[in-house]
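Pasting the structures in now, so scroll down.
What follows is subunit A paired twice: with subunit B in the first complex and subunit C in the second.
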Partner chain A sequence: MARHENRPETAREAAAGRASIAVRPEFRQGANAGAKEKMFEIENVTVSYDGQPAVKDISLDIFKNEVTALIGPSGCGKSTLIRCLNRMNDLILGAEVSGRLLYHGQDLYGPKVDPVQVRKMIGMVFQKPNPFPKSIFDNAAFGPRVLRMKDIEERVEKALRCAVLWDEVKDRLDQNAYEMSGGQQQRLCIARALAVDPDVILMDEPCSALDPIATGKIEDLMVTLKEEFSIVIVTHNMQQAARVSDRTAFLMVELDATERSRWGRLVEYDETEKIFTNPADSRTEDYVSGKVG
Partner chain B sequence: MQARDAIGASGAIGTSPPRSLEAPSRRYGEKAIQGLLALCAIVSVATTTAIVVSLLIPTLSFFSEVPVGDFLFGTDWAPTFAPASFGVLPVVVGTLSTTLWGMLVAVPVGLLSAIYLSEYARPGVRRVVKPVIEVLAGIPTVAIGIFALIALSPAIGKVLPFMVKVPPFSAGVAGIAIGLMIVPIIASISDDAMRAVPGGLREAAYALGATRMKVATRVVFPAAISGVVASVVLATSRAIGETMVVLLAAGASPNLSLDPGSSVQTMTAFIGTTATGDIATGTITYDTIFAVGTLLFAMTLVMNVVAIRLVRRYREVYE
Partner chain C sequence: MAETVRVQYQEELEQLEASALGGLDLVSAALERTLEAIERQDVELAQRVVVDDDRIDGRYLEVHQGLIALLATQSPVATDLRLIAALLHVLKNVERMGDQCVNICKMIPLTGNEPPADEEMVKRILAMGKQACVLIEQAKRAFEGRNVEMARDLVRQDDVVDNLNRECFHVALAIGDDADKREWAMTMLLAARAIERIGDNAVDIGEQVAFVVTGLFREFEDASHPAP
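Showing the complex of A and B:
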């Protein structure tokens, strides 16, 4: 009970009057976004599995050379949404994406778009470290080899350096990746994604299986990587979003009248600082302050 | 805390005197079940031991009459003729020939079916196709042998005459029939092994821009290699040990040749034709059957051991 007593109530009170679900147009970009280059433009995107919507009517823009965080409680569709960005949802039978999803102005779901080409440019790191049961070198070299790139060794070294893993593994590149610690495995997965020179890296809860020290390393990495790449991260760890991201989208679960089906909705999207200090929506405030969720 | 003390004082929860920690009964039933389970496990071990012993005794008696070198390296197989000759190579080569042609069919067809089932087929298709493939494994081998003799041999002989030189018998046709018969073993076990590869590895490869074929060949297949090799070893053992199909379709003339078109006698076919009820125990013919049986057993054993070694060396362990 004592937990909330010292918390200032003013912001929440100020926002308490409003409960509209729809995202106001100005939230779609967040403030001060005019000068930044748009990477993704997501317009009224709804994703369904076997006809059941998982996220409904999401609109937001994601910018180049930024870390964009998607936060929200379990089941709010954060992972579903991020998986649309490199068409990983295509691999799930019965998944259907409607709305418009532009990547550098091109329709990601256009009739002539090849998901394999999309994924070459938009890499992904997953919740559980999933290195291949091969050597460290072969892991990092997998993408370049599959894509028939040249200078494999240079690419591997560069990627491992980028992922701040080189010094730890340079003397044991032929060792199996499963002999590494969980945090190293996850950094190897990041290196593996970097080795094909992607444009964007999607990270779906990349630290949820890691301890705080390994998490810290990956967070530092994200901040340096955004100089060269754009990063979208899904996290259920609000502190992590606050630490690493430039912009944060807060999604919430919405139930239908019968409470039988549920889906995710975007509640608020803005600069991270604003989301965490002065959110416009009371539900964001409740969530980031730890009151719900 | 106070509430709990209050309940405790009233004696309602948690304060009854400790009950006995000794078992309420001797649990004879459980011991009996444990014994029964162990007994069942012992049955297989005992059977194997009994087979090995019953193979070895006549084999030793055989080698007291025929030098090991003459048996293993001799090229003339006429154990039931006079004068008898015990060079086993022609029937060994017969077995190798039918097995080779069989595996040439079964390995590619089986593995490609497995890749299709695990990586390409939609769940609905898979639900129908996999049981149908497995039904093939249940067809009696004598039926497959007759099918090879009556249908397969004339058909193949018409299209590829070099495959059937002494119609209707042919090592190649018998091999192909065996191969078709063991496709389900390879397809089904390899499919299970490939489907057991964690989905996360597939996702990782797809996210790097790999196509479905690259995911199957570079990630799923290598990760499943131990299961795949196990299926091939099991299938090869079946092919080497197969009797009925070769008895019916491969002919009965020992022939030191890997030519698919020639008629051959395999080790199993020799045993099958010779081990009739009226053979007298203790004769050299009787002992010959066991010597060939022992060699057959040794060959499959060596193959299994080599395969296990290879798998240990090259498998990819994922957790």
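Showing the complex of A and C:
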């Protein structure tokens, strides 16, 4: 190996393998991003509630068959951002989304786009398991029935198998979903989302109400599911992001001069391994290593 | 807005780093006594170095345990993770350097009370040892200051040790036909080799400095594929 040069080398220069070139962190996607198929292209997206921005100028690409994690402190707009991806913010009075948000290259907020169809393709799982007060079967069959799909039984079995729940519930499908454990309920909610053949699963803190064993099962599930689906997850648990995601976006809270308004801003987006071993931005470093809260 | 947290964890990590690098002071002291033992053919002093190596080994075990506990309980990432990985390497280097001193000191009684010492050879071995002490001290300063340039300069400093080692070899070749003298020279070559390894371990610590700072591990010099 060549002898050293007599000059200091910064982490960033070393990572880039060349002299430092200013790169806006929000446009860094990681080394292998070029070859990947883009699922979402988020360009300068700002989301406001009653005119007050909740996240500002977010730009990032989300790739197919990957788990993408959104991390950051409370109030940084992670949930706001993930809810844009299946137009859940449409349901909130006063919410407004500006910028461009492309899904498979098409404008997700275009005038001809049906939000119900969007939510079929882009399913969502929430923090607290929220099964319907119905049987296990009826929960998994709910979406296919609403959408008048065929072969309901087959779909339900496939969805429950995909959610690694089938073996646990196949003999009690008519049992009320409320009688299941929290972890099972959450996997049922995932099965319910899978039953309508989605393309993307959005997960907003899916394990925060679960014990470590149930959390482990959901995390294993995510790794399996990404072979067929794309997953975007919001999590407070940084180790969870490190364990399951391929790419991680770090958002943080920004304040205006008066410190009265605050909004979320994307600080860094890169391959998860890079974020957790050698992040480019010192604010990411401080957050992932738990030095600031 | 930002509030510093995990203060205790940071303090523990700082203490472990200080302890690991403090191991280099123990090695410097052991090497200085080793050199004194060679110069004066002091078998008792050599024996003390062998016994005192337990302190270096104890430091290794204590800091190693502390680092494993931090890995298990604190989930360190980013710079902290790189620092801990580097310290685990440094600990091993410190322990190996201590063992090289022991190797030398175990040879000293074998050469007898009044060995047929060759002045030229002894002079070079002592110079090698002193230069190795410089390397150890510089490796410590480079690590403490996260100074990559100073760490890379260790390669240059180590060249001095390597050249002296080669000179020792040539002195041994020309030592003459006396069987006792030749045996002594062979033993001293092993001592020179041990000091040369101490220098290499100091360079390895320098490579860990670069890893902590840049996040990339690269050998400063690849002994298997030297530059043309």
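Simple rule for what comes next: the second predicted complex is superposed on the first by the 266 of 293 C-alpha atoms of A that agree within 3 Å, B and C clash if a C-alpha of one lies under 4 Å from a C-alpha of the other, contacts with A are read in each partner's own complex, and residues count from 1 in each chain.
FYI, a residue touches a chain if its C-beta (ideal position, glycine included) is under 8 Å from a C-beta of that chain, and two chains touch if they have at least 3 such contacts.
Owing to the predicted nature of the structure, the values given are computational and were not obtained by experimental measurement.
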Which partner does A:91 reach: the first (subunit B), the second (subunit C), both, or neither? first
Could you tell me if A:81 is touching subunit B, subunit C, both of them or neither one (first, second, both, neither)?
neither
Notebook entry, point to check: Regarding the shared-chain residue A:101, is it in contact with subunit B (first), subunit C (second), both, or neither?
Noted result: neither
* To do: Could you say whether A:55 touches subunit B, subunit C, both of them, or neither, answering first, second, both or neither?
  => neither
- request: Determine, under the contact definition given at the top, whether A:120 touches first (subunit B), second (subunit C), both, or neither.
  value: first
Examine A:279 and indicate which partner it touches, taking first as subunit B and second as subunit C; both and neither are also allowed. second
Worksheet item: Which holds for A:162: it touches subunit B only (first), subunit C only (second), both, or neither?
Response: neither
Practice problem: Using the superposition on chain A described above, determine whether A:194 touches subunit B (first), subunit C (second), both, or neither. | Solution: neither
The residues of subunit A that touch subunit B in their complex are 86, 88, 91, 93, 116-117, 119-120, 123-124, 126, 128, 130-134, 142-143, 146-147, 176, 178, 189, 192-193, 196
Within the complex, subunit A is touched by subunit C residues 1-6, 9-10, 75-82, 148-149, 152, 155, 210, 213-216, 218-222, 225, 227
Touching subunit C in the complex, subunit A uses residues 1-4, 6-11, 13-15, 238-239, 242, 253, 255, 276-279, 284-286, 288-293
The answer for subunit B against subunit A in the complex is residues 122-123, 198, 200-211, 214, 218-219, 222-223, 316-319
